[in-house]
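Next come two complexes built around chain A: one with chain B, the other with chain C.
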Partner chain A sequence: MPTATQRTSVPVIIDEDKCIADKGCTVCIDVCPLDVLWINPDTGKAHMRYDECWYCMPCEADCPTDAVKVEIPYLLR
Partner chain B sequence: MNASDIPVIDVDVLVIGGGTAGPMAAVTAKEQDPNLKVMLLEKANVKRSGAISMGMDGLNNAIVPGHSTPEQYVKEITIANDGIVHQPALMAYAQRSFPMIEKLDSWGVHFQKDETGDYDMKKVHHLGTYVLPMPEGHNVKKILYRRLRRHRVQIENRYQATRLLKDGDGRIAGMIGVNTRTAEPIIIRAKAVIMATGAAGRIGLPTSGYLFGTYENPSNNGDGHAMAYHVGADLANLECFQINPLLKDYNGPACAYVTGPLGGFTANSQGERFIECDYWSGQMMLEFFKELEGGNGPVFLKLDHLAEETIQEIETVLHTNERPSRGRFHDGRETDYRQHMVEMHISEVGFCSGHSASGVWVDETGATTVPGLYGAGDMASVAHSYMLGAFVYGQICGESAAAFAKERSEMPALDEAFIAAELERIQAPLKVTDGIPPAQMEYKVRRLVNDYLQPPKVTKKMEIGLQRILAVREDLPRLQATDPHELLRAMEVQSIIDCAEMAARASLYRTESRWGLYHYRVDCPEQNDSEWFCHTRLYKDDNGNMAHGKRPVAPYLVELGEEKDAYQKLRVQKAANA
Partner chain C sequence: MKQYDDPELQEIAEKLADPDPGIRRVAVLALVDSGEPEAAELLIQALKDEDPAVRQEAAKVVDEFDAEDIADSLLAALSDGDEVVRNAAAHALADLKDPSVAPPLLAALERSDDPFVVAGILRALKPLRVAAAQTPALHRLSDDDARVRREAVGVLGWLKAVENLPALIDRARSDADPEVRRAAAGALVYASAERVGPPLVAILDDPHWQVRCEAALGIGKLDYQAGLEALIAASRDGTWQVREKAAEALGKLGGVAAVPALGECARDAMSNLRKAAIGALGTIAEPECRPYIERALDDPDPDVRKLARWAQSQLDNAA
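Moving on to the complex of A and B:
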């Protein structure tokens, strides 16, 4: 079965200037209940790799540098 | 990979699920005997997993001396659940409710107290007073985590349990699972197992269409229900769906339990109160549904009549606890409680004993029908448990499982053939090429649940729905995962299909209507006590088929008396001259 790639806007936004994932921090990645945050291999920073968000906010609340912002997913907004 | 290549980890007590009940169960087992080897396995991370990842704003079922008695509570929940409850299990909860509050208080969980230092109880239920606010409840998970560390519970994060194991005598023997980031399998041999896997909250589709915009934490997708079924445990009353009144689209609780005692209420489009009591029962939901679909619909949370300081108090509680992104949702639509009523809707269906009454059958010791297997929290069948019920049954299961493990002298023998077959099932989606992505299959089965199983239930529609769900099951050999994360979703969708089939079959089995909207069956509209005053059983029979049966309701410990019909009269009565 052939597949397509489809773009989707994601609700978790990382401020790459503030994010210190490239220095070894994985707090937001660790706490996400849905495991949707990963290190972006191109930048070394955290990013939302899967659009599977419960907008529950531990990533934002626990980030030590205030780099994470959780928006309401577009379909719900 | 062969089963013999994988090291087997041996523990005395294995707890699956590190949300609310699970940590309490693990700590309790250690309290029973610090020498027991206790492992807590969690699909996400124990620090922020489960239904209360961001805390909780109150206890919804606290039995506090001076305000209510265990007998009153057991009676009220029996009435609210149309008589079909296991009263010994409710009573065990009710009697331990207050000691658990005191224990949590001593651990640093803050409950609201009045000026005399007494717990500040609020009335939300129809008859009694059971709600205890905890406006600073955002730190519950941190407190639990500290206890787990103190008691040296072994924690394994990011492991998904996929099947439970049994020994030759039919007793529990452990579990098999998979790492959600590496797809490495794990085999754990255990003398006793406690399941605390949460609700099956991802079987219906939210009306927003966003797969993960569920009422429940979407990691609670029914893995535990499916595993219990496959290991041969009884599930009970699955047709008694969970359906909750929520903020439309946001799909989080409107929180009448928080706003009600402060003067807020559920209103129709005229701003009028139409239900006498905002406590979540099937009867209340039926009235809610009628108003939602009727000429005075839709339904709203009304706060715009309240004083400024009251609204500020409500905002502080609701926008910092449980679902704190709610404030952000309102901001996006410029909704202000001071000026606007907030539109409400009903949730997708699910299995959750926390608010309703369906789940894996457990008795008052937390025991399932499989020796050595226990269940606590939203996945087990004790009705209307909420967070405090998860803590209490976590504790009960911790005690029961510790005792079972200590009596069992030898580690159980493992079924190598079963393990080999399960390893193959786990790895299969990674081997498929050009297959179906998990999200697509999940969307399809959950959309079928909405189309065919959501109440009002109609026999022919449910029969069609069952056939369509079974057709999705036939597509499973084509389910493809391209990485370990997709494998997690691929294993989850198999649990979701199991739960969808169980929801359809259980709903078809009970040929009456009961629990208000939860099992409102249009072509069998009456409650039929002569045939259906019983629990329904759903289990895997000796041929591997889904089978049904009846379980008698245990003799009541508390008689219902003249209040027995109280929850049948929830609609506000208009005066004759109105």
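Moving on to the complex of A and C:
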């Protein structure tokens, strides 16, 4: 039986074209209660490093450029 | 560049001078958290930034600062090319409530043609209640833009001057925009019932339900007894919100003549209206009210039942 060994998607998706973390913005990172968002050293943009989301939403709400989108699982909606 | 004692503020100031607008934008975000009074200067600088995104970011946080320190920049920002910036500036200025900013606001009003800016300045002038605003506000009552007329009505309503009544009554009855009519109808209540009662009764026939609501509310507030028949008619209005306001107003007028109409309202399908009707019947508290109130004791809506108990106690106290 084939098993999935790797997750292909995380709930917090950041639009790298809009993200201004490379300019020094850390709003989503500061606001996350679980500290799961980090800056990707390769791109300088924010990304979800650990998949441990509470779906509390401030990262999406506070992002100054509307770059963050949180995909809430169907059963939590 | 100016040097700041606070190292944090100095860092923000340097970033605000960065050629990259993205970095300047992020610096504005940091500005809010700085407790230093000099932060206001930097905000002013950001409000004048050449990049609209930076100005927008600055405009979003203006209400975190003492508007008095930045009043001049806010006035300048009222004519910004970007609507978000203009809007934030107008809102922040409206929060000032300091009569000393009235002269610059009036001067800015004089030379502004943009309807959005004019409306913003008028909104800021309203709570200041300066007599000098009367003439420009009367003049703007005939503006082409409904937002301007609406704010001009607000200014005149707050001034509460008897000589403005004819102009306000005219707006309330014949403005093309329902929101202007509603605002004007609501503004009339500062006058005596004899003066504005008749026009308010006429406004009960307005084609727009919110305007009718406002008229019913006004008649009740002024306790205009001659409006009783018109309110009874309004308690059978096609829109339940109007019926609700009419029922409340009938309670304020307090006549027994209204009881059968309120009884009808107490049977309405809309529970909010039943609540208003039972509340009014409890206020009137005459024996004629009793059957309607007792029937409402078994109402499906708990709020109505609660109010019916209160109304019943009012009746018992009156007896």
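Definition applied: the second predicted complex is superposed on the first by the 64 of 77 C-alpha atoms of A that agree within 3 Å, B and C clash if a C-alpha of one lies under 4 Å from a C-alpha of the other, contacts with A are read in each partner's own complex, and residues count from 1 in each chain.
One rule holds for everything that comes next: a contact is a pair of C-beta atoms (placed from the backbone, for glycine too) under 8 Å apart; a residue touches a chain by one contact, two chains touch by 3 or more.
This one's a predicted model, so the numbers in the text were calculated from it and none came from an experiment.
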Partner chain in contact with A:30 - chain B first, chain C second, else both or neither: first
Contacts of A:64 with chain B and chain C, given as first, second, both or neither: second
Of chain B and chain C, the chain that contacts the larger number of chain A residues: B
Touching partner for A:72 - first (chain B), second (chain C), both, neither: first
Chain B and chain C footprints on chain A, overlapping residues: none
Chain B contact footprint on chain A (complex, rising order): 1-3, 30-35, 49-50, 52-58, 61-62, 70-73, 75-77
Chain C-facing residues of chain A, complex: 20, 22-25, 27, 64
Chain A partner contacts - residues on chain B that touch it in the complex: 44-45, 47-50, 53-54, 157-158, 180-181, 208-214, 217-219, 249-251, 323-325, 328-329, 332-333, 434-437, 478, 485, 488-489
Residues on chain C engaged by chain A in the complex (per definition of touch): 15, 20, 22-23, 25-27, 29, 57
